[in-house]
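Going in written order, the chains are labelled A, B, C and D, and every chain counts its residues from 1.
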Amino acid sequence: MEKIVIKGRRCSKGVAQGEAVVSYNDALAMGADIDRETGLVIAPRHELQGKEVGGKILVFPTGRGSTADPWGFYWLMKIGKAPKAIINIKANPTTVAGAIISGIPMIHELDKNPLEVIETGDIVCLDANKGIVEVIKVKKS
Amino acid sequence: MEIILRGHLASRGRVEGIALVSSKPFEFRHVDTKRGIIFASGHNLEGQSVKNKILVFPYGCGPTTEEWGLYELKKAGVVPKAIVCMSAYPCSTIGAIISNIPMVYGFDCNLLEVIQTGDHLWVDADKGLVRVSKR
Amino acid sequence: MPLSLTLEEEHMLSGDYGSGVQKSMDLLVQIGEAFGAERMVEISSSHLIPYEIMSASRFGVPPAKWFEDWVLEMTEGVSSFRVVTTINPAIVNPQRAIELGFKELGEIDPTESVIKGMEKYKRMGAIPVYTCCPFLIFTPRKGEHLGGAESVAVAFYNTFFGAKVNRESGPTALAAAVTGRVPEFGMHHLDSRYGQLLVEINRGLDSNKFTYADYNALAYYVGEKAQGRIPVFYGLSQNLNVTQIKYLCAPLGVSAGLPMCHIVGVTPEAPTVEIALGGRRAEDKIEFGVEQLQEAYRQLTTANDERVDAVTIGCPHATLQELGECAQLLGGEKVSPKVKLWVGTAETIRFIGERMGYVKAIEDAGGFVVTDMCAHSYSYCRGAFSRKHALGTVATNSAKAAHYIQIIGSAKTWFGSTEQCIKAAISGRWQ
Amino acid sequence: MYLNREEKRMLEGECGELIQKSMDLLVKVGEAYDAERMIEVTYAHLIAWELTDILFELFSQMTGNAKVRIPTTVNPLLFNMGRAKELGIPESSMTELERILSRLIKAHDKMGVIPTYTCHPHYIYELRIGEHVALTESNVVMFANAWLGARSNIEGAATAIASAITGKTPYYGLHLIGNRYGKVQIDIGRDLKPDQFDYADYGALAFWAGKSLKDRIPVYNGLSRKMTPAHAKYMCTPQILHSCAAMFHILGVTPEAPTLEATFGGKKPEDRFIIGKKQLESAFETLCSAKGREIDLVCLGCPHCNIQEIGEIAQLLRGKKVSRQVRLWIGTNEPTRILAKRMGFIDTIENAGGLVFADMCAGTGAALRMSEALGIRTVATNSATLAGVVPIRARGRVGVWFGKTRVCIASAIRGKWGNN
């Protein structure tokens, strides 16, 4: 079992551990792109379309979406379908605001590109307060 | 003694007459539109009529309806014969154009030092010339 | 460098001004830290988005209480906003909800929550403009720092006026209004405002003949390709008017979250290409020609049925000029009884539109000039309204509307010029 | 003066007699200022023409059946006839006023003018920096130039119409960047507190500055960087009461004044003044022309109030009553009134006995014209424009108390001018 540690900048406080879901290319809007009942990605043509994000460590390049996006995030949290944590290459402030008001840990600006380090299915432990991400590779690469 | 002053055309026409010199910036809305008498209190020309005079002032000023003041004087027949000034406030110029009053501006001397009330002036606005014959 | 706060800001953060100010400042500080801000800047205005936009669910469960409680927390102990505060359209105009067909939805009535939200913000001094074009009321000046959400407003403030505002979100816009501060990063730094992506309008396209939809398509296409880089549009007419610039700004935030663009020869920070790029080389260049224009139109069009059930215009809210154009295009003809035609605008514009006879012309024809609300976001983007009124196909001249109807709504879209839209409203068919 | 093909056709009468006349006027003005050519303008603002038959005849000759070619807004009317009763306009004057106002309103409608009837039309047409426009009404022109960075000369009533129907203006004066630089530096004295300036202070400042400017553009150095558009609004017309410079800069605030160097175009100021406490106080004194402390009218909203100002007035009046002897008039535009109504400001003000009018010029319009009929001898205001214009034009029949907004409101409540 391989363990990789990368460091980044805190967006929203907290500590979490879970299974990674990675969007390698597409930006994601926590409000508009995710179904507010099922927590499944519904955006057409999105690489995560049909995937569930609830309870996952969600990794994607950056956020997108309307300026009401944080409330969509908050909603997911309220119905128990929010991700456990979020990791971005470079965060969009709307995603950060959503993470903060929903109390979901979030990190960006890491010393290695998280999309190159983390694969869907990896176990990721993250301490946003310290800006540390631990990636445990489950699959053999 | 005669002096020739070179200025710039503002509104076309040629005319001669007697100078009436305002030491202050001039506002046509401060002239009575029926009698042509300056009513602004404290003005050096207060109580005098602009009718048939060649009005000399440093520059025009005031809210933008200046041209109406001049136009109404024209309609009432109490309009000055011409305007000679240093800076041409666009609203004075427009007033002179729509009222067909010759106007010249922009001299390289201080008009107020050269021209006095009562001097005889020949104004050729097309050429931008003013000839002053001292009283 | 850590984020340093002024004495007053420290007091805000430590709770001396009450818990609402504290929570708001805390949110802003956290955001600031995440983006490396070194300090807060004072702002002169913030633009809010009403939270009840979230409270009307397509599932019939309005979790209004969540958001009401959240807003109460953020504003606890705050009697009034610290800066000029404007506010976005509501999801529905409560006064016209019945007339427009909202009250027969069988789901829980949203108007109550709308009115509650309106009253709450109004009591705190928000100017009840209810429009996504608050620049019609508040005119910022070049270089002025602002807070605020709503991508249209943000892009317009940055692009048209040269004011400095990040593309914020509902919560931070509220926190900005409560504290009068925003963290200084992004658009607040001159250096981050330079263009990076040069967009050249191909000679094959006559941009002088661009319709609003064409400006929309251009910006939408560029937004999708921009990857967060600020575009510099080169080769557009130098006489762009407010309405055209509005349509160029609106899609920027939609497809890519861009907070601004430069239009060479038009916008204040772009007298020349060189100045717009900050003296640097463009990172990339996009040629925009007929092909690219068509691609954008294809993306924004999902309908294949010629029959049109609804036409929505006024996203972003229509200017007076657009109301005039709609009235003229209707030309005394009637809107097909099978079609809903809504033109969204601000009440202040509608008023002048009434004086000009435009509103009467549109409403006599059977259309609605709707104010204080978004003409598509609730109706066509949520399922219930579309299902109830059997709105399978919606036509619009707005890329933003088309995008959101496609993504959130269930209806299919036609995207085209105002003229095509009005013709479709009259004939009931897209041509 | 170079004219392009379209402009030549206009001048030669191929586009009709009215366009020909308009173009002729614009060419003459262009020649007066050595304009090289015409430029296109995108927007015009007109003044609502005055009541005399002579002027209306001129207006009709100029406009005829012409339509405006560009978006065109218009200044306030002299009265809002819909509220004539509340204004106290005597029955005997009503018919005549109706006649002259309605013919003007009809003429505007026919031309396609946007009937904004306000001296603050910037909510309906957003000007951008560097946009060439043709505006009249000193307050509109100067706000557009100074605050918004648009470019307009101070047009007359006639040239504004000519530009509205031709879409052109001669390229001279403030359209040229070289003529927009500051010439005179005005430093705000250290004994003043610009952060606490009221609208009246801004007006008094500009009034005082105007006396030494002649045709030179001032650069104010030391004003609050937090000043608002409403503050700038009060600085416009007072400046041209004694000068003919239709532009000003505020260092660090207005768009063309980022640095002293840029504002002066790299040159040294021709002149430099300090305005301190003494100068400002003397401006206030000059602008106070009233004799007795009894007041008949408190007039605010010159130029038209924006929503913040109406909110401030409502705040000052909350729970109070305006004295029975005093009228309180507040001028604004209709969209602002709609918003103020929604915010409850109008109810607060009108319950206290004040009146909020749209569409009309309360100060230099109604109060001045109707002073005799309404028995108005003393007016209190926070507007340096009104204080500078009305006493002279009323030939001493009307005196003005000029002071800060809160003093005006306190005086409205007490019925007498004064602070307490």
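The working rule: a residue touches a chain if its C-beta (ideal position, glycine included) is under 8 Å from a C-beta of that chain, and two chains touch if they have at least 3 such contacts.
Just so you know, these numbers come straight off a predicted model, no measurement behind them.
At the far end from subunit D, in terms of centres built from Cα atoms, lies A. Taking the mean of the C-alpha atoms as each chain's centre, subunit A and subunit D sit 55 Å apart.
For the pair subunit A and subunit B, the distance between mean C-alpha positions equals 77 Å.
Rounded to whole angstrom units, the spacing between the C-alpha centres of subunit A and subunit C is 26. With touch defined as above, subunit B holds no residue shared between interfaces to two or more other chains.
If each chain is drawn as a node and touching chains are joined, the picture is a simple open line. Screening every pair of chains for touch gives A-C, B-D, C-D.
Touching subunit D in their complex are the following residues of subunit C: 42, 44, 84, 122, 125, 127-129, 135-137, 139, 141-143, 160-162, 239, 241-242, 245, 266-268, 271, 320-321, 347-349, 351-352, 355-356. For subunit A in complex with subunit C, the touching residues are 9-13, 27, 32-33, 36-37, 42-44, 62-72, 74-75, 78, 90-94, 96-98, 100-101, 106, 108. Partner subunit A is touched in their complex by these residues of subunit C: 27, 30-31, 33-36, 49, 51, 53-54, 57, 59, 63, 66-67, 70, 149-151, 154, 166-173, 186, 228, 253-257, 404, 406-408. Within the complex formed with subunit B, the subunit D residues making contact are 25, 28-29, 31-34, 47, 50, 52, 54-55, 58, 136-138, 141, 153-159, 173, 210, 214-215, 237, 240-244, 246, 364, 385, 389, 392-393, 395-396.
For subunit B in complex with subunit D, the touching residues are 8-12, 25, 29-30, 39-41, 58-68, 71-72, 75, 87-91, 93-95, 97-98, 103.
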